[in-house]
Amino acid sequence: MTLEPGLYHLLTISTGLFFIGVYGFLTRKNLVTMLMSIELILNSVNLNFIAFNKYLWPHRLDGVFFTLFVIAIAAAEAAVAISIVINIYRNNRSINVEQTEEMKY
Amino acid sequence: MNVSLFLWVPLATALLLLLIRNIHLVRVVALIGSVIQAFLCIFLYFMYLKERARIGDAFMYFEQQFNWFPSLGISYHVGVDGISIAMMLLTSFVVIAGVLMSWRVEKMTREFFFLLILLSLGAYGFFLSLDLFLLFFFLEVAVIPKYLLIGIWGSGNRKYSANKLALMLMMGSALILVGILGLYFLSGKPGFDITQLKATDVPEKVQQVCFPLLFIGFGVFTALFPFHTWVPDGHSSAPTAGSMFLAGISMKLGGYGCLRVACFLLPAGAKAFAEPIIILSTIAIIYGAFATMMQKDLKYLNAYSSISHCGFVLLGLGMLTQTAYTGAVLQMVSHGLMTALFFAVIGMIYERTHTRTISEMGGLLKVMPMASVLLIIVGMCSLGLPGLSGFVAEMTIFTGAWQNNTILPRVATVLACMSIVVTAVYILRAVGSVVMGPLKEKYQSLTDMVWYEKWAAFVLLLGILIMGVAPGWLVALIKPATQLIMQKIQQP
Amino acid sequence: MTGNQIIFYLLALLTLGSAVLAVSTRHIFRAAVFLLFALMGMAGLFFWMNYAFIAAVQIVVYVGGITVLIIFSIFLTQETGEKLPQQLWSRRFIAALASFCALAFTLTQIFQHTFNASKQTAIEVSVQQIGLQMLGTNQYGYALPFELISILLLAAMIGCIVIAIRLKPTS
Amino acid sequence: MMTLQQMILLIPGIPLFAFLMLGLFSKKIPGNYAATAGTILMGVTTVLSCFVAFGYFTAFGKIDGIYQPMIPFLYHWLPLTDLLEINMGILLDPISALMLFVVSFISLMVHIYSMAYMKDESRIAVYYAFLSLFTFAMLGLVMASNIFQLYIFWELVGLSSFLLIGFYYQKPAAVRAAKKAFIVTRFADLGMLIGILIISYEGKSLDFISLIDHFTNSPQQISGTFLGIASLQWALALIFIGGAGKSALFPLHIWLPDAMEGPTPVSALIHAATMVVAGVFLIARLFPVYAIAAPVLLEGIGYVGALTALFAAIIACTQTDIKRILAYSTMSQIGYMILALGVAGYGAESGLGFTASLFHLFTHALFKALLFLCAGAIIHYVHSNEMRDMGGLKKLMPITHLCFLIGCLAIAGIPPFAGFFSKEEMLFAAYQHNRIIYFVSLFTAGLTAFYMFRLYFSIFWNKPFQQHHSHHGEGGPAMMLPLIVLGIGSVSAGFIPFGKWVSSDGRPLISHFHLSFSILPVLLSLAGIAIAAFYFFKKKETVETTVNAMGGLFRVAKGKFYIDEIYQFVTKKIIFNFIAKPAAWIDKNLIDGLVNAMGNSTVSLSNHIKGIQSGKIQMYAGIFLIGVIGLAILAIYYWN
Amino acid sequence: MSLEYLILLKAELQICLLIFFLLLLKITRTIPNEKLLPLIQLLLLANFVGGFFYNQSGDLFDGMFVSNTLIHLQKHILNLAVYFISLLFSGWFRRCLHLTEFFVLMLSALLGMYFLLSSGNLLIFYLSLELATIPIAAMANFELTRKRSAEAAMKLISSAAFSSGILLFGISLIYGTTGSIRFPEIPLLLDGSALQVMAFVFLVTAFAFKLSIVPFHLWTADVYEGSPAAVTAFLSVVSKGVIAFAFLTILYKVFQPFNGIWYPILLLLSILTIVAGNLFALRQQNMKRFLAFSSIAQVGFILVAMMGKSPESITAITYFVLIYVFSNLAAFGVMEIVAQHTGNENRNALKGLYKTNPLLSWVLALAMFSLAGIPPTAGFFGKLFLITAGASTASYGFIIFVALNLVVSLYYYLLVVKNIFMDDAIEPLEKIPIFGSAKLGLVLCAAGILLVGIFSWIYDYIAAQV
């Protein structure tokens, strides 16, 4: 691995970001912060697509379009998720993840 | 003759039952349906004789075949040979008796008869099937009725027993399923058709695996040791007709399956596993008989004795001689009739004394002479008294077994013979303390059998006596079929 | 180290650093802000790769849309001054370990792999090109996904409205 | 005119018909009509039997001076294998002709006797039905042409014995006795069944004629051995066990004394004259095979017979129940018959034992039936079986007394009564053949005279006359007629030239009378009578002192050598506790327990793993992550 | 645009039309639920009937959209399921505050599923997967005041997002290693390198998540329990069916070269799934949770079939899904009616049901028997053919294992039957009123359960389409 930034560097960043998001998702106790982690996860994948598109397959724009649509979906997902969080808040007066552990076993 | 009729009649009866509201009419319809079926069976027997005279030896008669799931090689393929006719005759007798014995069922009458007829439909279908898939289908069809009959109308620990029965039988079916699939894929020629499989030489390796699967699978149905524990609980918890059907018909499905599917289609497997079968069935016979000695409840007594008696069927199959096979079929018919009658009598006694504990009864001969005489007769049949069906079957098995000229079968036969002494002990003990001895005060006012019980008993007794006194026609019916099976097994 | 490299590493540091902070800080509002930085860093990387349009979308949608949404929801649901409750130490450790192992594994796989690249000539990534393809129905046309996402957004909108709508107190 | 076949078929057919009719309509027919009908039908059977038997002996049985077995009727009943099939046939030869007569004649006597004896019984129709069933089965047995057919009727005889012993079904002792009789004989029949299996396999047939042909012509062909003994030997030994059970030979005798719980006429018919000699008949039927192919075994059988004869006689000396004494005496006499068979050989002079045995069977049937019927009359009069309740009945029951005396003299072997001739022949055969057996039987002859006269004196003399139960007389003509007929028979039967008709090989056997030889047994018998008279003619204290002097020996004999207790121990303690109970326990706990445990463990397993479904979304994600990576590792490193 | 578009996109356009019609209706006037519901049912029926006509094969948008007779058939099955849902849950729909929105969401999810089936490209695939998920999450929260409803929605959307993150990562790697996102191209470009395998595993886990394959199933029970019954039914029947179909396409078409990898994966997963599904199902009291775990076990059986040879497996799975529609919807339908009446979702609410409600009892019992695979119900055929398909390549041991697990599953289905027929009611249960349309739905389901198996031409028809 050279110092010159290239595909592997970008992939390292994206993978790192991905698992940082995963870590956040696993440890956060607040629903909103969990959503934030999910945004990180989705975003890291965008970097992958763009990097692949740029460095490997520049003859088509598949990666670019993928990224665009992922961004859109992330937005939609976030919107629905947040509305659900708000609903939970209305019902519970709290958005702690432990409020959503009523159903089990 | 159109053998599909044997499926249409019970089906029509069952559907008709669902439409009727009047409880009395329900009984009448069920009875008429089963009587028609019985006459059809008898008619079939004569048609078979005629057809046989016309076309001579054949594997199956009155075959019918329609594609069912052609892409999977499944067809609706039915036909009869001597063995299936014998089994169907048995079924029809037991069904009539069972319907009659249920005449006074008050709780959900319509459903009760519906399930009874459905169960019989499964049995008829099973005996008719010439396609493994169809056969398996009908085998499983009978599961729901059995479960519900015991669970809803049963007594004692009925829910537990129903559950146990359903699960253990399902376990058997699961093994059968695997065996059938093994045959389907690995026999060389994919297909479920018995007539086709008959002509195929299934590779030895496949037989080695599929045979135990199929045999144990069907064996569970016919109380193969050590998979028999559903029998005592199931039989004793079931309502009278349920017990009759279970022991009289349902257990025979297993024996028939072992014969028709396991041994017939997989002769090399049958040879390879003859010794384990003999050992297990001998254990079942002896051990079942001794366990019966300890039973205090009449139904448990008969249930355990069924384990012992069904052991004879499997013993016969393990012996690999034609006579033993004939004997196994005879034993199935005999045991079906006998045990159904036994349960019927127990039902009659229970109805009146409200107990099934042997020690609490006594001297019933005085107040219920008919029922008591029946109990004695059926007991005698159970212990293999000549003139009754049990003797014919057991002696055929013994003689057939003795023709297998090696040490283990011989020892097994001697042990099996010994069990008839033990049988005598427990039967006489039961008979002695139930119908003989001093009559208890509280039973002074009991009444004897009423008309429907008389008819039920008559039908079964008739079967037992016909078979016991004049077995020749039945053997002549069965023998050509077992001969074919033996030819297949003994060809190198 | 060239300027290009420096910019890259700075952006990488910004992205990863603020991401780590975003998932670990106990102040929820700060977390949102760090998330913002991380997303900005990502947009910077897109710029760095000459994908200006994507970077713009990233900023508009993520920074302008999602982050704002999140911040609003934080305002709606949280007392801003309060620290977040801390997760159990063991849970965090296990999660970190699992994530790290997964990361290591994934990176190993990536680095062991030699990517083969296309021999064909690259297309210029212009807004016009993107626009044309986005609505094209022929080869390389993305009209169908475009329509699809519109339905999705419609559905999401309806869903959000229904869920977040305030019920009349006495209905 | 009926053909022979029709006539012979009617012989078992009529009793069967009687059984069905009387049994099915037992409720509808009044008792006395049932008894009359049964007796008349039996009479017809007897006439037919006599006709056939005498016809056989005198007219059509003999061809070239040899009595040939003939099969006038054969029905293929149940084909088993290609070679073996159970036929329902009728085999007519000297033995079956003899038995035909004995069975139907005694049965008729008992039928007549029972009309009076059982007249107060409410279930008399059932009783007659059972009697008819027995007669049917016994006739079928003696005429069986096929060993499996014999087994079938053998079992049916056992059934009717069971039913008749348990006729008083509300009496627990009767029920017990019936069960015991059935189970013990059933156990013995097991041996017979296995024997049949072996012999049919080796002989490739079930028909007597071909079996005998096969084994007598080529005994060396027998292939199999087991434990070093040829399978034919096993087969014959096992078949003998079957016979021993039915004939109450030691040690399978325990059921017979208890069987006396049945009505006394039944004891006379079944447990004295006919059924219990079935074992003798069975060996006689297969005698050529025994004699030619298994002479050693036959010798052993002779020892069993001798042992039984002695053993039963000793016990008989100590018992007090008159029917039981008679039962033991029956055992003893059957022992004689078996002993005689054991010392016989096949053909000509050496077959003397065979002839003697059957001769004794014949005479014994007459005098033992007589004795039982007398005992019945006495019991009927005294309402007790116990010897101590009797005494001094000489005057009260003169006919019975006379008949009983005749019977006692006959059984004791005092000339010129029937028993003398048959016993003399048996002893002579034994003397020629085996001295041990001879001396045992000689001693037993003395004992026989002793215990029979002990009985006689105790009943009719002993005490002074007491006027008890004067409400009725000795019994009506229906009861007396059989006694008189049988009494005449017992006196005169000895003069029948038996050897001319019945012999081991069908050729007439001219038996010589050995005066010098017969002095010793007769003297011994007289001595026995004298001792009995000494002790029992009058009530005496000496009995007590003698008994006390014998001490343990007497107690052991009185306790029937504790054979019953040994059986009890083996069945109740060992089989019940160590086999049946464990079997039931294993079933309940181990096998059933295993099934239940499988179910329960599944449920408890599912309770144990419920923690995975914790409801925590982050834990779900964690498991997800581990799953993904785990799968990826597996896929990359193991499956790729 | 040509007629071709109209014909090939027929099913999707129908749904779009329905969505717009409903939205229009919502905007222009307020219709009470009592009138709206029959209208919707009618429209859905029309939608279903429309599926009988003009089913052609072909592809559009440069292969992004594929259609063939099998896909049409699968869509047809889904239409039927949605129609049944609209019938069976009439009671709940009538009281639903936002009925129009509910159906709009449901139809958009359905639309997403259609595109999923027809996708010829990873992008469309991903988008439609999201379209098939996000509206369902919103639907799950439709009982706004119920805590559990929100919890279910939350669990669904966050775990779905998590799984789609992993899916996306996988897709990106596949894109990176092959340079294509088109289904026809990918198999040619797969070289079996480790990274590709990893990407493939990531992709598989997304399916595993949606299909509730163990160990990715954990969300299932909670979501099923918390959501309104109609949503649960939709999730468990329609969503499961679609994902199974799509999974088939992905495995058999796109990743056929990885056969050697996905076979052991499926083997392992199916064992885990069947065991865990069964073990958890047998301890459940709540009917919805119970059905959730039972459906997990059922999925395990579907996996067994997936391991088999291609055409038979596809036929068997399609057939099974059709049967599963009838059986599971009947179960949910009855359960919902009882739960609505008694306010008790637990199994013990069914105790003594038969005494007063024979229709409900028989339908539920038939459904249970069908799910357990007992003849003469269709489930027997469905399950048997699944196992048959799987057995063509599997070992004896595995098939025995699978078959024995049928016994375990029978145990818990019988528990329900036992409650219905054999137990006495805790408190007397009166006759439960059933809406006419719900009754129609139940009867149709029961008829389907009884007849689909025996009428073998259905199977043969499916086989002909594959």
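Chains: A, B, C, D and E, in written order; residue numbering restarts at 1 for each.
Going forward, a residue touches a chain if its C-beta (ideal position, glycine included) is under 8 Å from a C-beta of that chain, and two chains touch if they have at least 3 such contacts.
Note that the coordinates shown come from a computational prediction; the quantities given were computed from them, not determined experimentally.
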| item | value |
| --- | --- |
| Chains contacting each of chain A and chain C, listed by label | D, E |
| Between the pairs C-D and A-E, the one where more C-beta pairs touch | A-E |
| Taking each chain's C-alpha mean as its centre, the one farthest from chain E | D |
| Distance-maximising chain from chain A - centres being C-alpha averages | D |
| Closest chain to the centre of mass proxy, which here is the mean CA position | B |
| Inter-chain centre distance, chain B versus chain E - centres from mean C-alpha coordinates, in Å | 42 |
| Distance from the mean Cα position of chain E to that of chain C, given in whole angstrom | 31 |
| Chain centre separation in whole Å, for chain B relative to chain A (CA means) | 65 |
| Between chain B and chain C, centroid-to-centroid distance (C-alpha), Å | 70 |
| Where chain E touches two or more other chains, by residue | 123, 127, 130, 134, 137-138, 141, 144-145, 153-155, 158, 162, 173, 176, 179, 194, 198, 221-222, 283, 411 |
| Contacts with two or more other chains, residues of chain B listed in rising order | 167 |
| Per-residue overlap in chain D, given as positions that touch at least 2 other chains | 599, 610, 613, 615, 617-618, 621-622, 625-626, 628, 632, 636 |
| Chain-chain contacts as defined at top | A-C, A-D, A-E, B-D, B-E, C-D, C-E, D-E |
| Chain D-touching residues of chain B, taken from the complex the two chains share | 164, 167-168, 226, 228-229, 232-233, 287, 290-291, 293-295, 304, 321-323, 363, 365-366, 369, 380, 383, 385-387, 391-392, 395-396, 398-400, 402-403, 405, 413-414, 417-418, 420-421, 424-425, 428-429, 432, 435-439, 470-472, 475-476, 479 |
| Touching residues (chain side chain A, partner chain C) in the complex | 1, 3-5, 7-13, 15-24, 26-30, 32-33, 35-37, 39-40, 43, 46-47, 50-52, 54-61, 64-65, 67-69, 71-80, 82-87, 89, 95-96 |
| Interfacial residue positions of chain E with respect to chain A in the complex | 122-123, 126-127, 130, 134, 137-138, 141, 144-148, 150-155, 157-158, 161-162, 164-165, 168-169, 171-173, 175-176, 179-181, 221-222, 225-226, 283, 289 |
| Residues of chain A defined as touching chain D within the complex | 22, 25-28, 34, 97, 100-105 |
| Touching residues (chain side chain D, partner chain A) in the complex | 610-611, 613-618, 621-622, 625 |
